[in-house]
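Next up: the structures, one after another.
Two complexes are shown next, each including chain A; its partner changes from chain B in the first to chain C in the second.
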Partner chain A sequence: MSTPIIFIFFPLSISILLYMLQKKTRLVSLIGILTCILIALFAIFQDFGGVLKIGSMSVEIKTTFSFLGRSFALSNEDRFFLSFVFISSALWFGVTGIVGVSVSFIPLGLAIISIMTGALAVEPFLYSAILVEIAVIVAIPLMIQKGKPVGKGVLRFLIFQSLAMPLVLFGGWLLGGIQASPSDASRLLQAALFLGIGFAIWLAVFPFQSWVPQLTTEIHPLIAGFFLGLFPVVTLLIMLDFISGLVWLRESLFIGPVLRLVGTIMIVSTGIWAAFEQDARRLFGYAVLLESGFSLVLVSMQSNINVKTLFISFVPRMIGLAVLALALSVIIQNGISPTIGSLKGMIRKLPFASSALLVSLLSITGFPLLAGFPFRLATLEKLGQGNLNAAMWVLVGITAFLFAVIRLLSGIASPTLEKWQAVESVSQMIYLSLGILALVILGVLPNIFGDSIAGLFIYLPILR
Partner chain B sequence: MENWINVAPILVITAACFFMMLTDDWKKNMISNGIVFLSAFLILIQFWSFSFSIVKLITGLMSLAILGISINRNDSIQNIKSRSEKIFRTGALTLIYLIIIFISTRVANYLSIPLELIISALFILGFGIIQLGMSQRLYKVFLAILLMFFGFELIYSANEASLLVNGLLALVMMLVSLVGGYILVSEYESREE
Partner chain C sequence: MLTLIPIFLLILFAVIIQFLGRYRLTIGSTWLATAGSVLLVWFYMIILRVLMPSGVTIENWYPLGIGTDLLVYQFSPRTWVFAFLLVSLLVAVIFTDTIRLNQGNNLTTWTGSMVLTAVGLFSILSQTLLAVIITWSIIDVVEIGILTKIIDHKKIHYAAVVEFSTRVAGTLMIISVVVISNIHHLTIEASAYSAMSLSLILSGSVLRLGVLPMHVPFTANLPVRRSLGTILRFVAPISVFSFLSQIQPPKTLDIFSTIIFLFALVAALYGAIKWLISQNELIGRPYWMLAFSGLVIITFLRGQIESMIALSMIMIVCGGAVFLHSSSSRYFFIYVIFLVISMAGFPYTPVTSAWVGLLSAPIKALDFILIISLCLLFLGVIRHLLRIQHPDPAIERWMKMFYAIGLILLFIVPWLTLIWRFKDIRSFIFWYGPVLLLIMIASLLIFRKSKIDRKILELSYVRKAIGHIGFIGKYLEIVFTFDWLFRLLRKIYEILFRIMQFFISTLEGDGGLLWALLFLALLASVIIGDRIP
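Then we have the complex of A and B:
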């Protein structure tokens, strides 16, 4: 038995099975959630490369698997990512029923996770470009709503991702040719340029970001949240693996400043655009971009503590986006367009969804005592120590984004003649309340897990 | 150029690309695409193994067939292009092709790939990208993605003989056409509703 079989091929085969069982909605949900939980537990507790003991039986868990001349490897280094991805998927799959998302979300979602995990595991890394493209293509049917024309955002998303694949493959191939003579500086630069543009398109870095807010407007918020919560994280990890694997790149003088500049531009531009935004669905897209900008800033600082901060920040990021997606789904399900104009006085009609929307956006902004705050504070502190100008610009971006949230708040909380009446269903209220509670608890007690998950961070990518 | 006879398929590719740039008729577009795949195959087969080359051709043609079935049932609307639009489109593609001709020798030397392969690949790639930027018809967007991938594969496959990579690239092309078909059918259904 090997880890790639457990984390890639097993969920992939389950997803095919679930796709065929789509009519049995409850069974599909149950199997999908249980599969994710089981796999996540395996990632948390099992030592990869060790022995799994089941009664008198002992099974060796290998970390590599060869397939058609290439190998897939998932080692202890990937345990945090795997547990994070499969736990968050279980949560996403768990709320499908309460917001009316098609049950095909579960099999396709599981397939996307498996392929994305394959993208992270394949060696050499450049083949991950093809797997990411396959995951993108598998995601497209999820993004099309029956009876509605295909939006520009979905098409742009497909086009941008299709442009990224050749760039990453070609850059990787150039780089492979240089390994024999690493002194060829001009070729190294060309390879880095191709790969850099490829990664920039994947991560929706400015100016390739236009599809993100368009996509979040066109597709169901839950599907947008699932995909945009997962996709940038995987591509970021592929990028980290890539930087970590090439000594010349991680030691080069330009990588840190370039990533810092790109991350800062992303945060500032996202904040400014968000400040003028009227639609909460587009704000959702900007929230994803803001998170990606902060991730790039953390990577740019190239230290172990910042990489660890980045990895832990995936948790509040995922919870924040999930609560935001759920709140938007509930609002849309009640027939309300989530624009500032339509949301006036909505706190009286949809108190839980409105509160969840605001709390999640505030958490993503880094508002004190919410889940995102410790990470934003740590990022700003570290960035300020190295480059005060960049820290000031990041602060401008955050302030602009906060302004957008305050505009939304003033709209939602504006007085109306309507009486207080919660129209959300009980299950929606419970999920939304749990989400808000999680954001508050993680903000007040950021070290709540203490050393219990410390084992997952022993083997993080080295950036310097 | 290793063999001057290869000028013929390159000219055919050029003509087909210009034709596709100007016509909106889906049948003519499909046939032109097929001709591009066939001409590129004639060049590719001289430098690559027969089995790998035929896989590329069959993948391309099958992708066209899948897309064609989806369009066939539904597409009847045709946009009539104005004269100025035709001139603009022809001018844009001519400009791209001129740039490709000027840089092709250097690119061929840089990548150590035969000149005819580079020219045909860049012509297809360039057309695919310009078509992606200009097309408003949904099926043309998918044809452009297919052509872009095909052009890239011609360059990439010249140096990458891995079975897995070539298999996955073929799979990507097939999946793009499948998703394209799915989106096209979904689009027409929504229009009918």
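Then we have the complex of A and C:
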């Protein structure tokens, strides 16, 4: 038994099975959620490369697997990612029923996770580009609504992702050729440039970000949240693995400053776009971009503590986006367009969804008391120690984004003639309240798990 | 842990009282339980000052050590005064509420006041910048939550959002101090803040106090009882004053501090005038806060922390008395006289140190503005306190008794603090300040009583002058309410909005991909030219 079989091929086969069982909605949900939970538990508790004991039986868990001449490797370094991805998928799949998302979301979602995990595991890394492209293609049916034309955002998403693939492949191929003569600086730079642009398109770095808010406006918020919560994280981890694997790149003088500059531009531009935004669905897209900007800033600092900060920050990021997606889904389900104009006084009609929308956006911004705050502050402090100007610009970006959230708050909390009531269903109220509670608890007590999760962060990519 | 007990007690009692009041007790018994609870906390505050226990320090707040900031919650001799004043105000609120029992919403008012006081205490206890950021945010969230629930007028909602925004901006300033100064330990131990850090701290404080840009919330129109409204309005400024009392003030004023000084001066004078002439104490309440915020900022910039504490005392004690007073009696003027004399700042009295921050040596013209501001504030206190309030005929004797005890308690509290503060303030001997203040107050009162003012006002050239002053005043008011600034900002926003929409539609339009590549080329040229060696 090997980890790639458990984390890639097993969920992939389950997804095929679930796709065929689509009519049995509850069964599909149950199997999907249970599969994710089981796999996540395995990732948390099992030592990769060790022995799994089931009663008197011992099974060796290998970390590599060869398939069609390519090697897939998932080691202890990937345990946090795997547990994070499968736990969050279980949560995503758990809420599909309460907001009316098609049940095909579960098998396709599981397939996407498996393929993305494969993208992270495949060696040589350049094949990850192909796997990411396959994941994108598998995601397309989820994004298309029956009886409606394909939107601009979906098309642009496909175009950008497809553009990234040849760039990464070409960069990887160039790099492969250079291995023989690593002193060829100009070729190295060319390879880095191709790969850099490829990653920039994948991560929707400015100026390739336009598809993100368009996509979040066109597709169901829950699907957008699932995909945009997962996709940038995987591409970022592929990038980290790539930087970590090439000594010349991670020790080069330009990688840190370039990533810092790109991350800062991303945060500032996202903040400014958001400040002039009227639609909460587009704000959702900007929230994803803001998260990606912060991730790049953390990577740019190239230290173990910052990589650790990046990895732990995936947790509030995922919860924040999930609560945001759920809140938007509930609002849309009630026939309300989530624009500032239409949301006026909405707190009186949909108090749980409105509060969840505001709390999740505030958490993503880094508002004190909420889950995102400790990570934003830690990032800013470390950035400030190295480059005060960049830290100040990042603060400007946060302020602009916060302004956007306050505008939304002003609209949602605006007094109307309507009486206070709650039209959300009980299950929606419970899920939204739990989401808000999780964001508040992680904001007030960010170290709630203490050192019990430290084991997941022992093997992190080395960036310097 | 002893330090945090008052907060836990207040929240616990609030929950119990809310439950008992709803399902078990009559309104009288509920009030008794509330009064007993807050009195217990009040006595505990005195015990805390005697014991002065060490606080609570949380070293590993961040997960897996990704950050180094500490959370420290403890009292210092200075901050205890603010905490004691706040708890005393709560006791006064509950005691004086006996005569407002028939106004309804008693349970919400009392438990709400207790929770707000607990939040305020938590903020006062904060001894590190991180703790301050967190507790200020709690105050903001609680306040905007309460206001959202009760506001039903668009204009008030707009004012509440503006206030929330400026306060959050103030908190962001303190976050930037953490980022640039890298101060992780106790704020009071940071002996030398850089000029930049101090400027940010000052900006954060004036933004939270509403001094710059000057704005006053429309709290007079809030549908909350005056008692809850009073606590609601006092908590945020007290938390800022307490924070400033922990910061080493600047030794010299740079340009930025001078600008802040001038704005604070304008806020103090403007607030004092508006307070005096306001129709009633509730309409004047935000101006009272604004004026004292200005005065406190001035004394901070002059490096007089003891003066700040004394001014805060006047703000809470006199303000509390005015805002909680809602039933007149024959002997009430005696209380007013004692209150004014007690708070005038004579040597060896609790607020004598107020003058050290208001009067410089040698005395400057600027100081007269401060004396006039204080004089106007006291005149407003007298005016609003002596306005005849018609008591409810249904009020029983015991209600009147507790109402009186509540007001008397406010009077006594500063004297109680003197037990521990006397050694710090006995060296402040300022006779001419309080004497001048009392002479000015007395003269103006005599003027008013003897109707000389009316005769003077009837003189034609005086009427003309008043007309001109009124005309100028009208425009000055437009300037100082800063509504024009918010309107201007809105206009700028609308212009920028159109420009941004153009950019967005360009990037997201059919040619968006080409534009993206063009931007990439531009960006790459900057990066390659500037960053890559």
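Basically, the second predicted complex is superposed on the first by the 464 of 464 C-alpha atoms of A that agree within 3 Å, B and C clash if a C-alpha of one lies under 4 Å from a C-alpha of the other, contacts with A are read in each partner's own complex, and residues count from 1 in each chain.
In this section, contacts are C-beta pairs under 8 Å (C-beta built on N, C-alpha and C of every residue); 3 or more make two chains touch, one makes a residue touch a chain.
Here the structure is a predicted model, which is why all the values come from computation and not from measurement.
**Student:** In the overlaid three-chain picture, which partner chain does A:F105 touch, first (chain B) or second (chain C), both, or neither?
**Tutor:** A:F105 contacts neither chain B nor chain C.
**Student:** According to the contact criterion defined above, which of chain B and chain C contacts more residues of chain A?
**Tutor:** Touching more residues of chain A than the other partner does is C.
**Student:** Based on the superposed arrangement, let me know which partner A:F81 touches: chain B (first), chain C (second), both, or neither?
**Tutor:** neither
**Student:** Figure out whether A:I312 sits in contact with chain B (first) or chain C (second), or with both, or with neither.
**Tutor:** second
**Student:** Looking at A:G384 after the superposition, I want to know if it touches chain B, chain C, both of them or none. Which is it: first, second, both, neither?
**Tutor:** In the superposed model, A:G384 contacts chain C only, not chain B.
**Student:** Looking at the overlay, what does A:L253 touch: chain B (first), chain C (second), both, or neither?
**Tutor:** Touch status of A:L253: second partner only.
**Student:** Pick one for A:F72: touches chain B only (first), chain C only (second), both, or neither.
**Tutor:** A:F72 sits against neither chain B nor chain C.
**Student:** Kindly classify A:F199 by the partners it touches after superposition: chain B alone (first), chain C alone (second), both, or neither?
**Tutor:** Touch partners of A:F199: none, neither chain B nor chain C.
**Student:** Have a look at where A:S162 lands relative to chain B and chain C in the superposition and call it first, second, both or neither.
**Tutor:** A:S162 sits against chain B, while chain C stays out of touch.
**Student:** For A:I144, is the partner it touches chain B (first), chain C (second), both, or none of the two (neither)?
**Tutor:** The answer is first: A:I144 touches chain B but not chain C.
**Student:** Show which residues of chain A both chain B and chain C reach, each in its own complex.
**Tutor:** 159
**Student:** Give the list of chain B residues in touch with chain A in this complex.
**Tutor:** It comes out as residues 132, 138, 141, 145, 148-149, 152, 155-156, 159-160, 162-165, 167-169, 171-172, 175-176, 178-179, 182-183, 186-187, 189-191, 193.
**Student:** List the residues on chain A that touch chain B in their complex, please.
**Tutor:** 67-70, 127, 130-131, 133-134, 137-138, 140-141, 144, 146-150, 154-155, 158-159, 162-163, 165-166, 169-170, 173
**Student:** Give the list of chain A residues in touch with chain C in this complex.
**Tutor:** Per the stated touch rule, the residues are 152, 156, 159, 189, 197, 200, 206-208, 210, 213-214, 253-254, 257-258, 261, 265, 272-273, 276, 305, 308-309, 312, 347, 367-369, 374-375, 377-378, 380-381, 383-385, 388, 391-392, 395, 398-399, 402-403, 406, 409-410, 413-415, 444, 446-447, 449, 451, 453-454, 457.
**Student:** State the interface residues of chain C toward chain A in the complex, per the touch definition above.
**Tutor:** Against chain A, chain C makes touches at 60-69, 130, 133-134, 136-138, 141, 144, 148, 151-154, 157-158, 161, 164-165, 168-169, 171-172, 175-176, 178-180, 182, 496-497, 500-501, 504, 507-508, 512-513, 515-516, 519-520, 523, 527, 531-533.
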